[in-house]
Amino acid sequence: MTGADFSTLNLTDVTVKLEEDGILIVTLNRSRKLNMFSERMSSELLRVFQLGDQDDRVRVIILTADPAAPAFCAGADMDEIVNGSALLGRKEDKEHEHRDPGGQVAMAIYNNRKITISAINGHASGTGITALQIPFDIRFIWAGAKLAFPFIRLGIVPESTSTYLLSRLIGESNASYVLLTGDGVKPDSPIISTLYHKTFPNRTDVLPAAIALAKNLASGTGQVSMAYTKGLLHRPGASVEENHLLESRAMKLIGTSKDTVEGAQSFMQRRPPKFRDTLSEHASSWFPWWSPLDVKHPKSKL
Amino acid sequence: MTGADFSTLNLTDVTVKLEEDGILIVTLNRSRKLNMFSERMSSELLRVFQLGDQDDRVRVIILTADPAAPAFCAGADMDEIVNGSALLGRKEDKEHEHRDPGGQVAMAIYNNRKITISAINGHASGTGITALQIPFDIRFIWAGAKLAFPFIRLGIVPESTSTYLLSRLIGESNASYVLLTGDGVKPDSPIISTLYHKTFPNRTDVLPAAIALAKNLASGTGQVSMAYTKGLLHRPGASVEENHLLESRAMKLIGTSKDTVEGAQSFMQRRPPKFRDTLSEHASSWFPWWSPLDVKHPKSKL
Amino acid sequence: MTGADFSTLNLTDVTVKLEEDGILIVTLNRSRKLNMFSERMSSELLRVFQLGDQDDRVRVIILTADPAAPAFCAGADMDEIVNGSALLGRKEDKEHEHRDPGGQVAMAIYNNRKITISAINGHASGTGITALQIPFDIRFIWAGAKLAFPFIRLGIVPESTSTYLLSRLIGESNASYVLLTGDGVKPDSPIISTLYHKTFPNRTDVLPAAIALAKNLASGTGQVSMAYTKGLLHRPGASVEENHLLESRAMKLIGTSKDTVEGAQSFMQRRPPKFRDTLSEHASSWFPWWSPLDVKHPKSKL
């Protein structure tokens, strides 16, 4: 599917640019407000990541900020929270009706079929980590970034599905420490360092490195292969046996595609591959193999 | 609920002291027997952690030992085991009737709604790690501690729910190595180092550092916020979607509390918060949201 | 059960030798083809690991290669794949009928009741990591080994149950990076280093170190204790409560064995233990406590 014209989207808290090589760069655009996570920012990010997922032209999505901004993202907008925004739940919502906006964004990123990179070129706090870093596939960061998890210090709870994801990503020992103490950390702290794949001494180096990797992946990997591999990593089945059945079926499905033939041929001929299959053309009634829980319905029994 | 008078509990293998600032300090008191884990110690720890969970005055629970003792805990009491204690299962119990005393203690710690800190100021072995370190939220340790996992060398199996928890805390690669080889390790070994959040060169430095963090958490975090955050970390749901619903509901429930208002106000006013909500006052029929498996019944089908 | 005569098995792509002390050494034997994973190699490894599991004489299984070979294993045999082998699924198989040969081998290793060690003394790629390293209990490696995860670069998906196991072993943050970028890494890279328990500067040092550990484990650990401990680590139950019931029952079952008596006595007498219980003699209708999913049936609904 060739999707929306990203350049004509009516956005204010983020800007979006689709590069010719299939790289969608999303930039936080509230630097005067420390790029704080607003209700509007959440709905704009949700829309952009959903469009990026559906648009066959998009192969990699990068989130970043202006490296000259005072912060990558200083957390949820406290002014909005005090004024009763949906960030902590609107007054009129019943107990079971609230849907955390950070979690909505986090799921749109984690469930994205395109590879996602967070290029963190400034300080970050709260939702600026839980929604804007943790759900991504790859995280590049400025070595000087101050990172804070203040939830427990504010009398609230961590959100944006971080209480599910962080333990999986870096282990429950470290996840418990940062979420239960609220301590500030730096990217090279052993408590958090496995969250970050590359660290850069200068703020201005983070995005170029992310773009270089993105270009490499956009030209060197297949769209269907990436989507299936992400699916297998995120929904691996409940045992090695279930996983074996899922991997086997994914391999058989993809094994008849043009991309697999091209992958083998380019390998034998020692040349770069040209993958052309798209998710739209290669639709399968089997993928996704899991039944996503419908979280939209406010009458969910959870 | 204002609970028991900890000072009048009839305890011998541990001592307990509730500090004014809500810190409950539990000290192993069998140094003449290397603080070995006895049946009596297990029932005393079980009682103390359950009371600490229920008592609204308690905000942090620290476990430690006399730093002059020959060991933090040298494992299960082998004399008792040879004499047929419940530690490995009494002779008269049928196959499905045994309940591992270390596991009972471990669950009382892991499921505790108050934050728990293990201040390990001596050598530790077996149950001294599986029950008295692994189920805690935070672990501070003496750098010189010798750590041993001897189960596989004794012809038995690891216990105290360590076969569930250790892989989650530090990854299955490292957990498999220490539990399947029984090798001794030091706290700075890459095999085990992510289990420990801070390491101290002197045995006498461990408890003071734990108390300093405890004071900071007791005054700077909310009781309900801590309980919900621990619940989310330990029972995050089976997918990002389920987790999103749980986090959303926890946030909505807590978002109307006095603590959340105080958290936002103190943040805006740049002053330390004064959290006053208690778990007793803030009871909710929704929390805990999971149905704990009843492990007491000896006729369990497991 | 005293099993097959390993020396008379009709094998070509691997060689097998059962040492007197219960150590089964399996050596990849395709060095002229870079030890590439062939369909034949997969069926030979499957058979050898299944026999090793069932044979009471076997206590430890080591997989290795000739340290002079150009690679430990250079991945799946691309010639076979291009010629339509079962490695990616045969043409005539329907979508749900393929069973990944690497996954079959991986499950035979991961589910093995004997402790397994991979002694990686050369470069490795693809299936040479996913099937021949990841499912093992312990991994020793040559520091100079080049490691590559090329699946995403070939338009296919990772296999051999690596999308289930790798996140569990080293955390999803690192697993996602290596599987989604396909980047090459060295054993000391923080991205992958927790996968390896010991690293050696010389290729020829890897196997002797693995054999030394194997001898130590073969003489110092019980066969039933090892099998139950591996079972608990791999199938720990869905919560601490379920795990507590499983550990309790395993401890009670094993607690009446001769090995447990010997373990306690040798400990008290400060002498090495002599464990003699075997899995055949110590069969229990309870172990394994999980119902393995039958993956052989091609009509599986997954």
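Letters are used for the chains, namely A, B and C, taken in the order the chains are written, and counting of residues starts over at 1 for each.
By our rule, contacts are C-beta pairs under 8 Å (C-beta built on N, C-alpha and C of every residue); 3 or more make two chains touch, one makes a residue touch a chain.
Computed from a predicted structure; not experimentally measured.
*Asks:* Assign the assembly's chain-to-chain touch graph to one of these shapes: line, ring, star, complete, other.
*Replies:* Drawn as a graph, the chains make a fully connected set, so complete.
*Asks:* Specify, for the interface formed by the sequence copies chain A and chain B, whether it is same or different in terms of residue numbers shared by both sides, with half as the dividing line.
*Replies:* Counting shared over all numbers used gives less than one half: different.
*Asks:* So how far apart, in whole Å, are chain A and chain B when each is placed at the average of its C-alpha atoms?
*Replies:* 33
*Asks:* Enumerate the residues of chain B that touch no fewer than two other chains.
*Replies:* Those would be 165, 171.
*Asks:* Of all residues in chain C, which touch chain B in the complex?
*Replies:* Contacts found on chain C: 115, 137-139, 165, 168-171, 193-195, 197, 213, 217, 220-222, 224-226, 228-230, 232-233, 236-237, 239-257, 259-260, 262-264, 267-268, 273, 275, 277, 286, 289.
*Asks:* What part of chain A is in contact with chain B in the complex they form?
*Replies:* Where chain A meets chain B, its residues are 78, 81-82, 88-89, 93, 95-100, 103-104, 106-107, 110-111, 135, 150-161, 163-165, 167, 171-177, 179-182, 190-191, 235, 290, 292-293, 295, 300, 302.
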